[in-house]
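Look at the two complexes coming up: subunit A is in both, with subunit B in one and subunit C in the other.
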Partner chain A sequence: MASTILSRRDLEFLLYEWLDVTALTSRERFREHSRETFDAVLELSAEIATEHFAPHNKKADANEPVMLPDGTVEVVDEVARALKVFADAGLTAAQFDEEIGGMQLPAVLARASMCWFQAANAGTSSYPLLTVGNANLLVEYGTPEQVDQWVRPMLEGRFFGTMCLSETGAGSSLADITTRALPRDDGTYRVSGTKMWISGGDHGLSENIVHLVLAKVPGGGPGVKGISLLVVPKFLADGTRNDVTLVGLNHKMGNRGTTNTVLAFGDGTHPVDGEPGAVGYLVGERHRGLAYMFHMMNEARVGVGFLATALGYTGYLKAVEYAKSRTQGRPPAAKDPAARPVRLIEHADVRRMLLAQKSYVEGALALGLYCSLLIDEQETAATDDDRERAGVLLDVLTPIAKSWPAQWCLEANSLAIQVHGGYGYTRDYDVEQLYRDNRLNQIHEGTHGIQGLDLLGRKVVADGGAGLRLLVDTIGATVARAETGGPDLVEYATAVAAATRRLVDVTKILWSAGDPTTTLANSSVYLEATGHVVVAWMWLEQLLAVGAKEGAFYDGKRQAARYFLRYELPRTTAQFDLLASLDRTTLDTEPDWF
Partner chain B sequence: MASTILSRRDLEFLLYEWLDVTALTSRERFREHSRETFDAVLELSAEIATEHFAPHNKKADANEPVMLPDGTVEVVDEVARALKVFADAGLTAAQFDEEIGGMQLPAVLARASMCWFQAANAGTSSYPLLTVGNANLLVEYGTPEQVDQWVRPMLEGRFFGTMCLSETGAGSSLADITTRALPRDDGTYRVSGTKMWISGGDHGLSENIVHLVLAKVPGGGPGVKGISLLVVPKFLADGTRNDVTLVGLNHKMGNRGTTNTVLAFGDGTHPVDGEPGAVGYLVGERHRGLAYMFHMMNEARVGVGFLATALGYTGYLKAVEYAKSRTQGRPPAAKDPAARPVRLIEHADVRRMLLAQKSYVEGALALGLYCSLLIDEQETAATDDDRERAGVLLDVLTPIAKSWPAQWCLEANSLAIQVHGGYGYTRDYDVEQLYRDNRLNQIHEGTHGIQGLDLLGRKVVADGGAGLRLLVDTIGATVARAETGGPDLVEYATAVAAATRRLVDVTKILWSAGDPTTTLANSSVYLEATGHVVVAWMWLEQLLAVGAKEGAFYDGKRQAARYFLRYELPRTTAQFDLLASLDRTTLDTEPDWF
Partner chain C sequence: MNIVVLVKQVPDTWSERKLTDADHTLDRESADAVLDEINERAVEEALLLKEAHGGEVTVIAMGPGRATDAIRKALSMGADKAVHVSDDALHGSDVIATAKVLAKAIGTVEGFDLVIAGNEATDGRAGAIPAILAEILGLPQVTQLRKVTVEGTTVKGERETEEGVAHLEASLPAIVSVTEKINEPRYPSFKGIMAAKKKPVTTLTVADLGVDAGEVGLGGAWSGVIEASPKPPRSAGQRIDDEGVGGSKIAEYLVGQKLI
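This part shows the complex of A and B:
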């Protein structure tokens, strides 16, 4: 029976038939790799995800982490066991350099591998995902000593990592963090403050926890300028307990398998050498912490998009399985009331719900893998120009790669429930948990609204509009190839081309409004419309890879593309019309009118 | 501080300033009533909902009903206490005849009253809601003896009622139920079969539980024709335990406060007189059970719409309160990074999310109350013609009054979470529960897809299209009044008129497709587009009631209407375009393409 976690066939199509990732093996960095090593990693990931991650997904949801009276955290046993298998297989280190124990795998393969774990068990997958993000940042900006001290044990699976940005009063607005780091004569820092929403912030799953903490070091100026980045481990190198203390756990609607914590740094619970503050080590230069963090944010945001996609994808597969096995009712044309009931999938409206899910989750997966390949291109493309272009395109696509799956793969999960009917609303089936888990993804790593401001306020105008121009040119190249195809391709290419022109026109109108308040008033609408154009482009790309190939798999791709182009893309017309009108409804509303 | 359960001000506006419900008191049935008695009921409802229902909403969610080893059900204590206060206040009997102990209140007031309880605590409110539906049906179709025996104790709050339609293999398709009722010589029946999804199916909250059961009595023909309706009480009149046995409880994502059960009828656990089957009493005539049930279905479906609306409304009020108290970030035009953070509500995107919620929940509440007034009109309007017209309009509006709030007030709950950011995703706040609770409403009392088939397949074509014609004429009358208003009204009236014309044209195109399969292929899209047109009309109606009145409340109405007309109604263009194209994408998809 086919897996209901992810589709190997679709991954193979996207990676090999569309993105041709095997071509990467001709590059110096990936020369040890081949189609065989890629396949082996994907095969291994599917196997470990299926055998060690999926089985405890419901159990970890029903038995969320508990803070015990002694201040430690209890997590269901299966989590540690699964993570040990994961780390022992070397998967934490998938995309890292061989010289520090990595597989030196392309990012696009590492992401595809991780997607299996995200789909099988969002909660358990977060620990290695956060650890990888943490390690990536330290490799980029840390000293060789910091890499040896903290990254190597993380890649071995002995230490886990976190990102500590938010505070109780500062979530979207990092300018307002109050955690402080004071320099000491020995070059270390002492960190004091409380951090909120820290996933993986405390647990007994690893020997140590490496926190990357944003804190203000005096002298940097107001707002975000004073923010620095520090490594603050739970245990110092000599085993001394650092003054990092679990204050409490957050109890969430979903994503319950991941501990989510409030952490006190330097509150005196575990004083070190009788001095106040948790011991921290500066990463890179003082006052540049936010820039370091934001450099990694692209990857973190693409990672959130993958999580949303993975949850949507597995829900879709479960809905397909249910719709093919459950019988209920008869089609409208059935005349004989005594006729046997048909399978759910025979009903047009059920097929509509399945096509919608398919178009969302396969479109989102395509976008995530495309962005992941851009990460590889940014690092390993042949010329400076190619690397820079990849970086610019990744920048402009990132808010969409984060927000679009978070919105539409959640909708896919809602439709998966709907296909299941009342059963889907019960905890006996898997889909209600996926829906709860997925709702997080519009919130963390920058809310939906923040992504809209990032896209319209920064990404499309940066560098004189270079990002948008590059996006439009890249879409244009796809359209040009599609325009020489069959009638369907021409129909879709024409629609994508028109929507892209509209996007350009509307962006100009918005930025000629004269003041940023008016320009940005409907940036969420802009984000959503642009997202639909981008995903329509992803479907056009997939159709070109499908070409004239025959078989049910390719027919399914053609039909999902048709669904997206006919049912989904036309939504953007009303959105662009609204944006073009520079509507001031949200601005002209007084708080006391609510 | 204003209530965050419901808005008294908005209810007063809708009931008195818009619908002029006080005019009902000139009718014979309501002659004992007045604005004062109406206000007293609403006041009492707000008070009991606030003091007795809201406080245990979270507790009942966190401690869902448990089936004990002895087969009984444990429910948190507060539920029984709240329901006693509710019944003692006479609210179960609000809309029933005085002669059987009722208040003889108009349906529109009874619904407004119930809405307070649905918003305060969906789980607890379901018990009286189901009981009222059950009692309504028995009053309409039962014998005077049945009314005395079962209805009176229900109205006193001593007995509770259920509706037993679905079975494990027959949810949307009632033609396939297998529960059987066999007649006995004494005029009673013996009922055997298993019923699924029975809310309030077992508990110790009342002295008795009165089940209304759909079952097949031999001789009625295949499909739905043999279906009859029976009263099957948990305890017979003489106190004998009837053979109705709790098999198990369903464990749901939300709406956990209501027991939801699998019930076995006549499985021999509690045999009566040594004979097989649970004792049942026929309601009305044999083989007409489905017609009786469907007669009541309009009210049940409007009731589901109210539940969705109530959950959306309370979430909206909580989001407003949060957005007015929490500070975070600075607007785009702020230049000084050291400036103090502003309230969330100062951000345009937060106001967009609040306006969207306001336009959904106030639009849905208007529609629910409008339909409830039609129930009163159907029963008490002066002429046969008026009563019939009210019935026809109610018929065509019912699938929308059920499905539109279920879809868009759920979206409101999602936006309420989003306004709260990470906090909204935790169980420390109220909004995540509302979102879970509300997800049910697209499923029960006819799924979203079933409502689409009902609207396009039955309601708009019944009687040669009389329903749609009446709806269009009624909207047209509103448009005509609005066209003589100010520029905003004219703008909105023009938009509603255009969308209504489109609805008529598209309906004609769909029904000229030649076969029902093609006509109905996208009936869910038709349902959603029609819903938006209807709610836009509701906003136009509200604007007419607002007129030139001054003050923040009226300005808020104007702005929410503007939001709906500019941001929401334009969505329908793409939907109508798709429908007009008679798109066959969903039909031309093969099961093995998934």
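This part shows the complex of A and C:
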């Protein structure tokens, strides 16, 4: 029986038959790797995800973390055991440099590996994901001493990490944060303020928790210019408790295995040397904190897209399994009411729902892996030009790699529930939890609306539109290859080419509106339409990799591509029409009309 | 101490397993191939003994080219080196031929003290290899163990049966086989995966081992599969409507099937 967590076959197709990731092993950074080590890591990930992450997914959902009277947090026991196995296997350190205990695994393989854990158990997988993000930032901007002190124990799985950006009054708008960090003569800082929505903010799963905190250090000017980045550990190096206190836990719709906290920094609950204020250590230079944080944002946002994809993918596999085993109803042409009922999958509408899910989740996985390979290209490609091009393309694709899976793989989860009928709406089956877990992904790491503004307001116009030009040229190269193929390929290539031209035209129209308010009024619609064009391109790429290969797997790819290009891509016509009309409905609506 | 572990690549028990129509041998293409789970436990036990007593762990596998994946997994877990016996002439070998070849392969490992095998593979399920090997090599065998310890030149073990637990011992060198209760195997670590690439794997043919190709393979087999057919699909169950006497009817059915 094949796994319903993720498809190893599809991962192999995308990684080896399409992206040819084995070619990375010719680069200096990855020279110790080979197809063998890539396969072994994927196999190890699948095994640990199956045996240690999936089994407690429902239990952790049903028993969300509890704050005890003594201020500590209780999490179901299986979470700690799973995370120990994960860290002992060396997976936390996978992507990092050898010299700090890492294995220099390419980002594209590290993402594929992590996808197994995200699909098996979103809640538990968040702890290492956050820790890796935290460690990445410190490696990039911290001092060698900070790397030794905080990153090494994180890579060994002894410490976990968090990112503390939002506050109760400032989420998407970080310029408004009020947390302060005041310098001391000894070079340290004392941090005070309250942080909100901090995932993994408190628990007893690790020896220490390394918080990366955005705070304002006096003298940095107004808004985001005054923001600095500090390391604020739960316990100081000598084991003293730092003045970081759990105020409470947030009770969430999904992702319940991850503690989500309100944290008080420096409220005097745990004074250090007799004084209130959490001891913090500056990372990099003062007042550059937000720039550092955003430098890592591409990877963090691609990571959120993967979480959405993983949840959509596992829901799809569970829906397929259910549709192949559950019998219900008879075909429209059947005349005998006493005839045996057929399997759900025999019904055309059920197959439509499965094809929709397949086209969303496999399209999203392709996009996520493509972007992850761009991360590798950005760091290790042979020439400066190639590295820069990869960076520009990654920049323009990032809002889509985050938001498209968050929207459409959630839709896949909705369809997975629909395939299960009434049972899908009950907690006896897995799919309702997947939907709840996935709903978060349109919200965190920049909401859907923020991504729309980022794409239309920044990414497609940055550097005189260099990002959009490069995207269009890259799609154009795929179209050119496809145009020499068979009739189906030509049909799809023509459709993708037309949609891409429309994207360029509509972008020009939007930016000729004369004022940014009108241009950006429908940026979420622009984000969705562009996302569909990009994923249609991903399907065209997959079709080229399928070529003339035979077998059910490849036929399935052909059919999902056909579905996406016939049922989904045409949606963009209406969206582009609306955008091109510079529609002002939302702008002309007064608040008191609601 | 030097330990040899016998490992085998088998079709994943989650896959649909079948025999080929041509010669009724295992259809290796039809299923995913994995390191047999009982062998993971055998490797684990060897690693635990090595950790306690020092020495070296050598894995030996007989199988086609792709069995290297199973060997790599054992090396990733921590075994030190491997011997892979691979030869087209071995296709279709029965347990006697397999034991003959393995005995020769074990002989290439200098100064071994202990051979550890699983009690039976999930595909062939003969469970006879350890005993035949002991006979060929003239070594004591202590089989079906749930616990293994080594004290000096003695290996001690516990064998659990329906009647109770037998405490067994033998002098080294010896052959032991282990059951599912022996331990929980470790996962390979990422470091182990990278290290495995550099560990030596010696590939040998039957000729290298001095075995006559005529004694092995389908031609040399003492037993063979004459015919194989898939088990018949489950027939429809018998439906009992409960009209107040459902319990009795179920009891009657079970009595009729001689189940109670």
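The rule we apply is simple: the second predicted complex is superposed on the first by the 594 of 594 C-alpha atoms of A that agree within 3 Å, B and C clash if a C-alpha of one lies under 4 Å from a C-alpha of the other, contacts with A are read in each partner's own complex, and residues count from 1 in each chain.
The rule is simple: contacts are C-beta pairs under 8 Å (C-beta built on N, C-alpha and C of every residue); 3 or more make two chains touch, one makes a residue touch a chain.
Keep in mind that what you see is a predicted model, and the values were worked out from it rather than measured.
J.: What is the contact status of A:T188 with respect to subunit B (first) and subunit C (second): first, second, both, or neither?
T.: neither
J.: Any idea whether subunit B or subunit C touches more of subunit A?
T.: With both complexes superposed on chain A, more residues of subunit A are touched by B.
J.: Of the two partner chains, subunit B (first) and subunit C (second), which one does A:Q451 touch, if any: first, second, both, or neither?
T.: So A:Q451 meets neither subunit B nor subunit C here.
J.: Tell me which partner A:L44 touches in the superposition: subunit B (first), subunit C (second), both or neither.
T.: In the superposed model, A:L44 contacts subunit C only, not subunit B.
J.: So, A:G90: does it touch subunit B (first), subunit C (second), both, or neither?
T.: Second partner only, subunit C.
J.: Which partner does A:M103 reach: the first (subunit B), the second (subunit C), both, or neither?
T.: second
J.: Which partner does A:M253 contact after superposing on A: first (subunit B), second (subunit C), both, neither?
T.: In the superposition, A:M253 contacts subunit B only.
J.: Check whether A:R343 is in contact with subunit B, with subunit C, with both or with neither, and answer first, second, both or neither.
T.: In the superposition, A:R343 contacts subunit B only.
J.: Check the residue A:Q118 against both partner chains and state whether it touches subunit B (first), subunit C (second), both, or neither.
T.: Neither partner.
J.: Within the complex, which stretch of subunit C touches subunit A?
T.: The touching residues are 14, 69, 72-73, 76, 187-191, 193-194, 196-197.
J.: Which subunit A residues qualify as touching subunit C in the complex?
T.: Going by the criterion above, the answer is residues 1-2, 32, 34, 36-37, 39-41, 43-44, 47-48, 85, 88-91, 93-94, 103, 105.
J.: Inside the complex, what are the residues of subunit B that reach subunit A?
T.: That would be residues 166, 169-173, 175-176, 196-197, 222-225, 250-254, 320, 323-324, 327-333, 337-338, 341, 343, 345-355, 358, 414, 417-418, 421-422, 424-428, 432, 435-436, 439-440, 442-444, 447-449, 452-453, 457, 515-517, 519-525, 552-553, 555-556, 559, 562-563, 566-567, 570-571, 573-574, 577-578, 581, 583, 585-594 of subunit B.
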